[in-house]
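Next come two complexes built around subunit A: one with subunit B, the other with subunit C.
Let's turn to the complex of A and B:
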């Protein structure tokens, strides 16, 4: 009867290692297919402040819009389709809807269950009319949306502005925060030892340590306070300073990719540290995790990936999801 | 006042729908079932659900405590409530409630030892009809003896129903007796529910109960009538003959 008490809700962690310059490396697919990201955090040991180039990449992340009470059929408007959806990447996700309670709507840049780029969805066609009337009359879905678009063309801007002008909207920029941590015990990682057999720590402990750094949980395990007994996993070194930078908002895969390219150039000059890490968190209530793999929320809606970059362009990729998800690619 | 507090807390805890329970004990003589207070009278503004842009939804629920099938006579007063529950005190009434009564919820005793055993046939009958079994968790919070009864009765129910058609509700009278939804889903593990059933007991099953309650106001669960505001012409009056008098439609 009580076998269930021992089990926790299932979570999956997929780890792989490769090199950015390898021809079969799939890092660009992984980044571009993870559509809805709400937070990116970068941890760089032995670094005091963001370099000017990194700071400029981060500050150039695209702005996004919060639109209130937008009916879904507006996405099918002819002008909007032609200038915005077909001409560049548009991402939209319903805002403040829980996937385990409400209708959650997401607009993916390429394939939707209503495939907006399919020829049969030509605005004059019958199928388009049927879908449009369905969304307008039979299932009138309205929601607050977060809309983000990767810049590509003035026509698109005009069509988007005309859509926005019909509803209540507000423009937002991603929020950036960074701080320098002093005297931080850091795990030592070696590019060839992904599993943590000898020269590195194992992936679960490493990710737990990263989480502790992001959440500001101290890994001292001092006897003075019993709030936390987290310790930095072995093998470890003590670094005098480390940079922790987070960006949050509706973050587009294209922007994250440019950040990744800039981080790859970090090791062009000699540095004290041998690794740095980039963590990207997906929205907990997004209907999809990678590509169009379904994502659900059971007791936790995590869907994130973490890249550890090494000096010689080697990298590790950890992808984590929760119980109601399909295995990441 | 307590009602208001409870609802504010619920909006902070993250529940999106709440039912106010009116209990009537039909075992005592001359008990009348009154009309519930209109929900709009109780609140000036409905609090927003935490993390959403919608306000909380409030329903009225009637719980009838009875020991004899003749006590339970559904009439027009029952229609005023969104949900109807019955708390059977005898095996005969439990059987009748599972198989025939027009109720949405059957309450399982949590404050005393279950006076009868759960037999498979009425439980399966209830599951087929879309009736749900309710386990209340607040008595378990109040007192350790009641905690034993709650767990024992819940486990005995799970052995018969295999975790299907169960909802876990609060029955709270004070705000401090409320707990968050994910905590209750975990509490379900102690009652013998699996991970998925525990989460369903506070989410999908509760929504199913709500929809079941709504079907009592419709004809055969398909046709839903609404009052029209405009004055009717003669032809429109003919069309507004109650659906039950029309040719019967096959239930899907």
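Let's turn to the complex of A and C:
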């Protein structure tokens, strides 16, 4: 009678298992194509503090800028195009615009609808002039923007500063937070058991546990508890301590890749744990998830991926997107 | 007993696509009371929601389990976990709940997702100004 009441939005989770040293491993593509990242979370069981090398990588994440009331046509400025956009590694996303109710603008390394790197967009060409006049006169879009750029030369710095000097702007650094969890029930994972048949828990349960750790949810309730019956999935082990570190802001794929490379080296020395986890949350209001795949916000705006790294360079990759998004690559 | 120098064979490539296999949905909620100085415990909040479900759907219709995974008494915000089949009923009951102990109140649902992990990476909470 009330079948409609039992329905819920679609959920989609893609899981991959591979090894970083496989020549066909796509981990670098997955990281580099996920352009707009808001938060990174690292969970390391049996670890009490960040190593100096990890801390150094995290503290060297690129700065980014908040620019107020920036017209979109400014991205077509000749000097800016030549020295910043065409040198690649520039990311811009409109700030405080909700994709389900506002105009949302994003500048990708490879723009599809207006490909600023295409030869037809030569500043002396007719197409460039048409696009510029369109953005200035017919569709005068303006927004606050988050701008991030991976270091690529003095000319780019000068051109970017020239753009920023014409508007109100402020520099920001990613915010780092770290704490140690004590006596934590922790899933036991085996690299070869991605499905969770016997030696690991299933992917949904593992991601639920990660979410519980990130949100500070208790993992040791009883089945008879009135408030919550949530427990750590089986198989599990009790670890005396675990490190949970987060970085948030506008995080560039290049910096996340550097962090991933450093985390791969974590197991160069013997460790008590056999795995660690890196979660990357994309911006919920980004118009794209991976590459130019359209992303939307219907109920939750999911746009994340999670890497589980094992001792022998095996890894799992979990990718979650929104209910109406295309399947991750 | 394994020899220390034996390394596990590297994993072969495997890809799995799970569509609609998530069992639960998770909701981040906040309660706004007319009397801003009033507060309530986690158990009182859960009982409030249970009574709202019962009022809207009856003893049988509203009798499904859900978990209050986390509750902050100072900000009156919490995280709920519910089976997928109960999401619409729970969300609608929260929407229509309007009073607590004869004082006006309302629930604000700030985030809903089939992944608990998503609730701790909400970019809409980013404040830079």
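The rule is short, and it goes like this: the second predicted complex is superposed on the first by the 320 of 329 C-alpha atoms of A that agree within 3 Å, B and C clash if a C-alpha of one lies under 4 Å from a C-alpha of the other, contacts with A are read in each partner's own complex, and residues count from 1 in each chain.
Following the convention adopted for this analysis, a residue touches a chain if its C-beta (ideal position, glycine included) is under 8 Å from a C-beta of that chain, and two chains touch if they have at least 3 such contacts.
Source: prediction; values computed, not measured.
Once chain A of one complex is fitted onto chain A of the other, the partner contacts of A:281 are limited to subunit C, with no touch recorded for subunit B. If you count the residues of subunit A touched by subunit B and by subunit C, you find the higher number for C. Of the two partner chains placed by superposition, only subunit C is touched by A:228; subunit B is not. When the two structures are aligned on the shared chain, A:39 is found in touch with subunit C, with no touch to subunit B. Residue contacts after overlaying the shared chain place A:212 against subunit C, while subunit B stays out of touching range. Look at A:150: by the touch rule set out above, it reaches neither subunit B nor subunit C.
Of the two partner chains placed by the overlay, subunit B and subunit C both lie in contact with A:299.
In the superposed pair of complexes, A:264 makes contact with neither subunit B nor subunit C. Looking at the shared chain after the overlay, A:98 reaches both subunit B and subunit C. When the shared chain is aligned, subunit B and subunit C each come close enough to touch A:7. Subunit A uses residues 4-5, 7, 9, 95, 98, 299 to touch subunit B in one structure and subunit C in the other.
The touching residues of subunit B, counted against subunit A in their complex, run 16, 51-53, 155, 182, 185-186, 189-190, 192, 194-196, 199, 203.
Partner subunit B is touched in their complex by these residues of subunit A: 1, 4-5, 7, 9, 68, 95-98, 100-102, 144, 298-299, 323. Residues 7-8, 10-26, 42-43, 46, 61, 65, 67-71, 79, 81, 84-85, 87-89, 111-124, 126, 128-129 of subunit C are the ones touching subunit A in the complex. Interface residues of subunit A facing subunit C in the complex, by the touch rule stated above, are 2, 4-19, 21-22, 24, 38-39, 41, 66, 95, 98, 170, 172, 191-192, 194-195, 203-204, 207-208, 210-212, 214-218, 226-230, 248-249, 279, 281-285, 299-302, 304, 306, 311-314, 320, 327.
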